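Think of it as A, B, C, D, E and F in the order they're written, each chain with its own count starting at 1.
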Amino acid sequence: MYLTKKSRLLKDPHDIRMCDNSASSSVVFVGIPWDGAVAGRPGARLGPAKIRTAFCNLPKRVDVEDLGDVDVVIGDPAETWQRVEKTFRSLKDRQQILVAGGDHSVTPYVYRGLSEGRKISYVVLDAHFDLRTVSEGLTSGMATRLVKESGGDIPITVIGIREWSNPSYMFSLADKMGIEYYTIEQVHKLGLEEVADRVYQQHKNYKAYLSIDIDVVDPAFAPGVNAPSPGGLTSREVLILVSHLSKALRPIAVDTVEVSPPYDVGDITSNLAAVLLYTSIWSR
Amino acid sequence: MYLTKKSRLLKDPHDIRMCDNSASSSVVFVGIPWDGAVAGRPGARLGPAKIRTAFCNLPKRVDVEDLGDVDVVIGDPAETWQRVEKTFRSLKDRQQILVAGGDHSVTPYVYRGLSEGRKISYVVLDAHFDLRTVSEGLTSGMATRLVKESGGDIPITVIGIREWSNPSYMFSLADKMGIEYYTIEQVHKLGLEEVADRVYQQHKNYKAYLSIDIDVVDPAFAPGVNAPSPGGLTSREVLILVSHLSKALRPIAVDTVEVSPPYDVGDITSNLAAVLLYTSIWSR
Amino acid sequence: MYLTKKSRLLKDPHDIRMCDNSASSSVVFVGIPWDGAVAGRPGARLGPAKIRTAFCNLPKRVDVEDLGDVDVVIGDPAETWQRVEKTFRSLKDRQQILVAGGDHSVTPYVYRGLSEGRKISYVVLDAHFDLRTVSEGLTSGMATRLVKESGGDIPITVIGIREWSNPSYMFSLADKMGIEYYTIEQVHKLGLEEVADRVYQQHKNYKAYLSIDIDVVDPAFAPGVNAPSPGGLTSREVLILVSHLSKALRPIAVDTVEVSPPYDVGDITSNLAAVLLYTSIWSR
Amino acid sequence: MYLTKKSRLLKDPHDIRMCDNSASSSVVFVGIPWDGAVAGRPGARLGPAKIRTAFCNLPKRVDVEDLGDVDVVIGDPAETWQRVEKTFRSLKDRQQILVAGGDHSVTPYVYRGLSEGRKISYVVLDAHFDLRTVSEGLTSGMATRLVKESGGDIPITVIGIREWSNPSYMFSLADKMGIEYYTIEQVHKLGLEEVADRVYQQHKNYKAYLSIDIDVVDPAFAPGVNAPSPGGLTSREVLILVSHLSKALRPIAVDTVEVSPPYDVGDITSNLAAVLLYTSIWSR
Amino acid sequence: MYLTKKSRLLKDPHDIRMCDNSASSSVVFVGIPWDGAVAGRPGARLGPAKIRTAFCNLPKRVDVEDLGDVDVVIGDPAETWQRVEKTFRSLKDRQQILVAGGDHSVTPYVYRGLSEGRKISYVVLDAHFDLRTVSEGLTSGMATRLVKESGGDIPITVIGIREWSNPSYMFSLADKMGIEYYTIEQVHKLGLEEVADRVYQQHKNYKAYLSIDIDVVDPAFAPGVNAPSPGGLTSREVLILVSHLSKALRPIAVDTVEVSPPYDVGDITSNLAAVLLYTSIWSR
Amino acid sequence: MYLTKKSRLLKDPHDIRMCDNSASSSVVFVGIPWDGAVAGRPGARLGPAKIRTAFCNLPKRVDVEDLGDVDVVIGDPAETWQRVEKTFRSLKDRQQILVAGGDHSVTPYVYRGLSEGRKISYVVLDAHFDLRTVSEGLTSGMATRLVKESGGDIPITVIGIREWSNPSYMFSLADKMGIEYYTIEQVHKLGLEEVADRVYQQHKNYKAYLSIDIDVVDPAFAPGVNAPSPGGLTSREVLILVSHLSKALRPIAVDTVEVSPPYDVGDITSNLAAVLLYTSIWSR
């Protein structure tokens, strides 16, 4: 019989993929299949499955332990977020945690779990400030606000803000809240390395959390998102930026959020998220 | 100046569309942009907008009053369902109510609102029984169960069941619960008119509620759904069936649910839902 | 060298395709790349190229002469229609003419060209009556009216009318104009053969023109159209109907119109149009 | 921690899926990720993965053992087919074998493996005769010819032939080779049960192999194929036909071939193939 | 009752969108749903509806008055263009006019309407020169020529020319006609600011009209166009360029043309056009 | 009659397209419709047809002779590659050969045919090293290795390598084999002109072969490939790079390979390949 449970058509014996070795590791991969806070286009619950497939298919021998997905509860955000927080509290001794979201509302709870008993600074790549307050209901556009509320006087930096995709009041609000930000024009003018260096200077005395809202990338490179905004980073720019930031900051956790497969084209958004997670592994 | 706020390119003065007359009417149209109970592929929250556009674009002069959408609360199913129930309680004197969902979880609350103080029987077109009980979380696959629990000893009939898309225990459960059903093979064998006639006999002494889970239709005709199942009704069959049932039963309300635009192709699913709602207006 | 201008990957020497023999024939194929009268979704100008490719790729040895396309003038409907009329006037001695539209506005001019000096009856498969009068501008929804105006007291039959896609006044107008029609429900009830037979009885004393507005087919089978309407014929039904009508009526011309490639999915609409044209060749 | 390797969002404890029990069974599932003989649109190599996912996701408790995929060799058809043949020779004592192709060229080798030392009759659902002889190279359009050459004087029946998609010489060739066939028009006229019954009469004294070339289905229901042909079976018709044939013939093996995911829309073709394989299990 | 005609799922009371305030303003928005001059892929008639939706959904409080669409006449370019011209003649006292096309053939008539009695210079972003002369029929590739013929000895600058998408004679013709141009390579070498500055120097003594043929953008960022050409501007580059030009030149009108929704992917082209129009408002 | 076999809707008499003059030329165009070595996503066999259509539609008057396609043999790589080699051996006196693949496995055989009796250096744009050795079967990921084995001690340069898409052992293997490479980060840092100049210095004493694996381009610009990798060149960068390299090296042959139309979006990948081939013609 010529039967195989792992039908790889390419027969290169040296071609070891990311998840071929499933041993325990100090670097872990966790999915959070949750999009219950999205007020616009849902679908990010399907992100972890796609990102994991792409991640595991990368032809690299790096030890990463796939812990599976957080067991979310459809329709119950409070319970789900509590599970997220508890889960990551139990993981806080791992060297680096890779998180595949899920909408951006999960980030503050990952952050809370990991920051129990310690100060963690927050760097986020996002087209949006995520500083909203809603009169009722939920939105994933509150992530930065909630991190701020949990983290206290930690440094927070948002990179990739699009002027045309944020209400005007957000800019002054960010200033008032002490949140540093770089608009996409500033990134364009300063250059990726200068931005990365400034962020490093700001955060170097902290353990850092790096959150990547994939809508920081232009919709040409990342069509599969809840809230696309033109003028974003190219795929190469975001890869270089994440590489610089990861090497410099050695973040204890990195997430990619807001990947919405129903709106993706040829899986390019989830593939990019997977490569970003790989790129962020500073210990490799 | 040659400016128009209503840029219709076809200049046929006799071409009056469904919503050109926005006057008060005994027939009303309500949307429910909610998909918070879907455990699989979300997107039905975007159904009402698409169905309304297609409905309003039908070249028919029928008086229908568009009441807008129920003001749902993202992330709060209990509050949302209560709003749905209260809204329809206030509408129960209208002759016929057309509802554009939304996932199937809204149907029991529309039903509750309308059935306050009276017995209403329930006819549902669906590939699935929707009799699930979940250990935690939500699913739109509980709709029939919840209607049954609200309605008491009313007749309930499910039409279009696919054997391959329902757990085996559901068939005996339906029997135990006194729920009549027609599998797609039975519909095929009996013919649409015979099925419609049998359903009429079963329900003729009741005011009826007609719920159309668009997944009763084959995915070739209705790709934009949460839980597609092959072997379904053709678009013509579902139109004929709804026409027969509506003329016979004169339902007080008709809904089309589970239309998920992110998974649709060329809007054919939402267009079909719109034509089904039009077809169901027995007073036209 | 192993170079070939006709790179057919299938190497079956018996596999002769429709257009492998380009000789003169009494059956001709003509395209009309024109969509200048469409008031809704344009694109039918691209129909002839797609239909021709599919037609020529059919694995059948039937003599058909491809005459190319009518040389239309973008932005000048009057000139274009005159060219259409003159072109087909010069072709009227051919035994059977296959026309790949183009929007439905070309049909009256093909008809005029061919009916010079003789009475030709008109059978049209369409979801719509095409009896509109516009206050200004153009629409392809006038085709039947214009044929009627040209043809005089010839029999005209429309098959496949959808009640929900035609203004109500059209039904009485059709009666007033002496136009026979079969709604899709009537086709469903009577059966294809009965309809074909009745049409034959009506038209048997005339040379007939058969026009196929591809929107008579359900959008599941023919998504690439200007004005999709659910509840239509299946592909098999339309093939059987065209086969019956062609064998019975031996039409002097058959057109497929309103195929709009930008809205097609996997070319299934243009492929169906090509097979319909092939099926209509009563001399094969 | 709330981590799960099997993140099922629906929390119905009674919802057991096809592959939740992975125990040994007399019914087996085998994939063949091979499309090396396709002369047109490749992609069927990706069929098994998609069909398996859909099959395993069916909410049914039937014991089926997933044996994985045949270990094919890209670029080496002879070796691959030999592996297919050997693999199925070793499986021939299983009660029923479900095969997910792959292009139709694998069928003759599955057949050879299973028919070692016994006569097996052949029933195939296909738009095409698959009786081609090529002057060089390969085609999946030779499957029926190769089965005939292996099987000898067994009964062979092809159901679903489209006149417009087969060279004319094939019809007389089929007659000459003693191959029974039903065109799609004959299926339409006779009805599914009559066809199934006639096939049963023809094959009842044999163990039967049932091959389902998914292109027997209309492209509206099965767009993801190598060689689409309009006028085909609907999804419901093919399900009813396969159900009848399987119950009557109790085939020792059933395959679904020519499913080409790159050309699919919303996975409806692979989902249909999965339901067909499920439906064919006569022992359930 | 909890009914709303404006079902916004995000409940942020500070989230005011562009068109929430519909008051009179010195900045106006006008659509021109016309693609009657396109010789290739039509569809731009559907541009205004999509661009308006995206524009109105921007989370910015800027006073813009939406005047609706020019009432075009399908099939009658002369009448339509006259209406365009008359409409904009009546609008010429507005501070800034935002135009959502439509194909590029409307630009010369907007220009004529606005330039009555005054000299207006012309800056156009385009992959093409649009200097064609046709022997018959229409093309949207004549826009620059027609502006030149209307405007006389005004400065005209074309930015973004692709060498591979223009006939060679066009380059010398542009020189002969005194039309300044920047190829995409020149833009690449000089940089956006240098180009913007040079254009400013050339036009600073004039009131300027800024026309944005969206095909100046690369098809990765703007797939929904009539005539895509690779190597174009990125979305960020075009946003920066339009920002610079608008701030410097304070144009009296800005149009985005050639957006063809049937060819778009996820509405990214119409979204980009909307953000470009927003970005061009120099008075904000 | 107004019939035309070449229905060009644009009536600009000066608009001469690439293939309007089909005369003999020192520059030739050859397609190779072959994807038999792809281990992943097939479809490149359909590349030549799409690339040719786009190439011939370019509005440029350059003499190029279209020789058609190599007559490949489905399922027989050895025979096909031999035909490729023999074909190009017979073409080696042409000044410049443009090749439209096909998967990358054809390049070594084009190279062999052309390098008979002379040393030809090899420059390849690729996301991948293509230095694989497989234990059985084929892959198009061996192209560079096979060229190296044929070419001997010629200079070989790979441009565009993505770290995340190549096994780690490949980097040291490339060094060991004396293969020069530029990762995408190096290209980013050095700039296109510096890279082109370094490559020129390395190859200037050789006749050069330039191979363009279209996956060197980012999937946003080139989604239609077998093995997409994010972070790639933009369309403009690859055009500039190919322009520099072609002008400097005056390559005797240029190929574009791995264009897979089934995975393309709006034909942007094949259009880009066509413009690249045009751009590479250094004699124009």
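General observations
The definition used in the following text is that a contact is a pair of C-beta atoms (placed from the backbone, for glycine too) under 8 Å apart; a residue touches a chain by one contact, two chains touch by 3 or more.
As the structure is a prediction and not an experimental result, all values here were calculated from the model.
Of all chains in the assembly, those touching chain D and also chain E are A, B, C, F. Although chain A and chain E share one sequence, what matters here is the overlap of their interface residues, and that overlap falls short of half of the numbers used.
When the C-beta contacts at D-F and at B-E are tallied, the pair with the greater total is B-E. With chains reduced to the mean position of their C-alpha atoms, the one farthest from chain A is C.
With each centre defined as the average position of its C-alpha atoms, the distance from chain B to chain D rounds to 36 Å.
Centroids of chain C and chain F (each the mean of its C-alpha atoms) stand 43 Å apart.
Counting partners per residue, chain C has 9-11, 39, 45, 72-74, 136-137, 139, 218, 220, 234, 263, 265 as the residues that reach two or more other chains.
Taken pairwise by the contact criterion, the protein chains fit none of the simple patterns, being neither a path, a ring, a star nor fully connected.
Inter-chain contacts occur between A-B, A-D, A-E, A-F, B-C, B-D, B-E, C-D, C-E, C-F, D-F, E-F. Only residues 39-40, 132-137, 139, 141, 164-169, 184-185, 188, 218-220, 223, 228-232, 234, 263, 265 of chain E touch chain F when the two sit together in their complex. Every residue of chain C that touches chain D in the complex is listed here, in rising order: 9-16, 58-61, 218, 220-221, 234-236, 239-240, 265-266, 268, 271-272, 275, 278-279. Touching chain B in their complex are the following residues of chain E: 1-7, 9-11, 30-31, 33, 45, 48-49, 67-74, 83-84, 86-87, 90-91. Chain contact summary for the complex, chain C toward chain E: residues 35-39, 41-43, 45-46, 72-77, 136-139, 262-263.
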